[in-house]
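Each structure below appears as structure tokens.
Here come two complexes built around chain A, the first alongside chain B, the second alongside chain C.
So, the complex of A and B:
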């Protein structure tokens, strides 16, 4: 897809369709290793070993409406095009984890895109599920856990209410900015140290 | 209307798969390599010019009911894609020319 965040949206939709109550989205960037790992883990219905083996086949789908499913196959292809790969682990009745590894410096790397908007949309459109979003850039990280938000806000307040949505949006923007700055500061210090 | 077979003859395309479906009519063309993008835009009965010779491309083309895939720039068709195209009897053709050059020629033929 044009942006990896759209793939994340698509994979998370699979989790929702599988009845997951908790969906964990994890982005881990390691600049020394030149890697970006995107993981979507859920506690949904899970798949049998046979289904798991076929999940990256575009002609395999559990849907009855059409005979082709391209979400996982495209995500896998995009990862492989950069020299990375995708693996799925799943257990019936336990859940499914999709883990894609990318090599960001590769010329065929697809931009991450607006992952924060993806996460915000998933949270606000699925009030009946919980989401954990964890993002790490080298040594710096942040987490957003809707279970923690609910514990603070109580049962009365919806996460999709304008005030909460606005807060989540602000939090994601600020935290992303912070870890980006802290990570690039380290790179800068590293290079100036070499010169000194 | 031109068929896949006629198109293949006129543009000197090599037939890699789908020999049984070459009588399909071709009503137009589309060019693109980003599969999700193509999936949203590929018209039915079009000849799709691309360098993506993998099973996902076969899935996109059959989902959108394209007339055929034309691999340009001598792009390879991998084994899984070839097998699936044969199974579906979906025409996959091959050209040495790039998508721009072949597309321009095809446009002249289909008009």
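So, the complex of A and C:
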């Protein structure tokens, strides 16, 4: 994959196939620790301990169209390439959590890419499910929870209607910009303090 | 800054309008293959282009959604159009530009873009 955000989309599709009603996508960047943690958690069908152990095996899949399943193995490989790793926790009937850790300064780090586009498409193309997107950069964070949007919009306006899609897109762009600026301001203050 | 207040305004505006309810009997479904193969081949920008063009054209009876791997990974990104009473049309090796044309020619004007179909590309 060219962008980690595409892996997020792929992993979230597994949650959708598992019949999840709520999917939580969490990005946590910590510049001091040089780490990026991406978590996709769902309340879908879940897996047995045996299936969980095999999920990162490319030759294990539950689908019928072909005998390989590359989504989780690819994501795992990309995390391990940077010196990070991937872990899956799952319980039958409760849900599954996929957590991948990356070391962003590593030469083999794949860029995150357009994560907002992934989130927007997941929301607008899955009207029957809820999503929570949480992104944190050091001390700054924001959350988008479709349950909150639905509470305001009621039944008559869909999340996929053009005006709402536009609002979500704008919100994601503005909030991402805000936490990026606030985080980089701190780095700037930190370095200028060292010089003085 | 985007606020929930703006969402309330969107809701109130929608309430005040006479909404043309989509008739589920004649709803057209646009399915984009979004399994690992499709995503790796560039399905996300295609899906994005379809959603935006359908919104721009105000096509009320069209639902754009995703589907899994249908087993023809070498033809990804794949877009299927399913309309009631019509044969399913499968478009292959899609790009955002081709997607815009499919919305305009196929969904708006009812003309299948034969050159992008699996029949013309296999």
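Everything that follows uses one rule, which is that the second predicted complex is superposed on the first by the 196 of 196 C-alpha atoms of A that agree within 3 Å, B and C clash if a C-alpha of one lies under 4 Å from a C-alpha of the other, contacts with A are read in each partner's own complex, and residues count from 1 in each chain.
To be clear about the criterion, contacts are C-beta pairs under 8 Å (C-beta built on N, C-alpha and C of every residue); 3 or more make two chains touch, one makes a residue touch a chain.
Remember, it's a predicted structure, so these values are computed and weren't measured experimentally.
More chain A residues touched by chain B or by chain C?
Touched residues of chain A are more numerous for C.
In the superposed arrangement, does A:91 touch chain B (first), chain C (second), both or neither?
A:91 sits against neither chain B nor chain C.
Is A:108 touching anything from chain B or chain C once the two structures are fitted on A? First, second, both or neither.
neither
Regarding the shared-chain residue A:185, is it in contact with chain B (first), chain C (second), both, or neither?
neither
In the overlaid three-chain picture, which partner chain does A:125 touch, first (chain B) or second (chain C), both, or neither?
So A:125 only meets chain C here.
On the A-aligned overlay, A:174 touches which partner chain: chain B = first, chain C = second, or both, or neither?
The answer is second: A:174 touches chain C but not chain B.
Using the superposition on chain A described above, determine whether A:57 touches chain B (first), chain C (second), both, or neither.
first
Between chain B (first) and chain C (second), which, if any, makes contact with A:77: first, second, both or neither?
Once the two structures are laid over each other on A, A:77 reaches chain B alone.
Given the touch rule stated above, what does A:1 touch, chain B (first), chain C (second), both, or neither?
After superposition on chain A, A:1 lies in contact with both partners, chain B and chain C.
Residues of chain A that sit at the chain B interface in one complex and at the chain C interface in the other, please.
On chain A, the residues that contact chain B in one structure and chain C in the other are 1, 6, 66, 70, 74.
Quick one: which bits of chain C touch chain A in the complex? Just the residue numbers, please.
Residues 1-2, 4, 6-8, 10-11, 13-15, 19, 34-37, 39-40, 44, 47-48, 51, 55-56, 58, 64-66, 68-71, 73.
Within their complex, state which residues of chain B touch chain A.
Touching chain A from chain B are residues 34-37, 39, 54-56, 58-60, 62-63, 84.
Contact residues on chain A for chain C in the complex?
Counting only chain A, the residues touching chain C are 1, 6, 9-10, 13, 16-17, 63, 65-66, 69-71, 74, 117-118, 121, 124-126, 148-149, 152-154, 156-157, 160-165, 167, 170-171, 174.
Going by the contact rule set out above, which residues of chain A touch chain B in the complex?
Counting only chain A, the residues touching chain B are 1-2, 6, 57-59, 66-68, 70, 73-74, 77.
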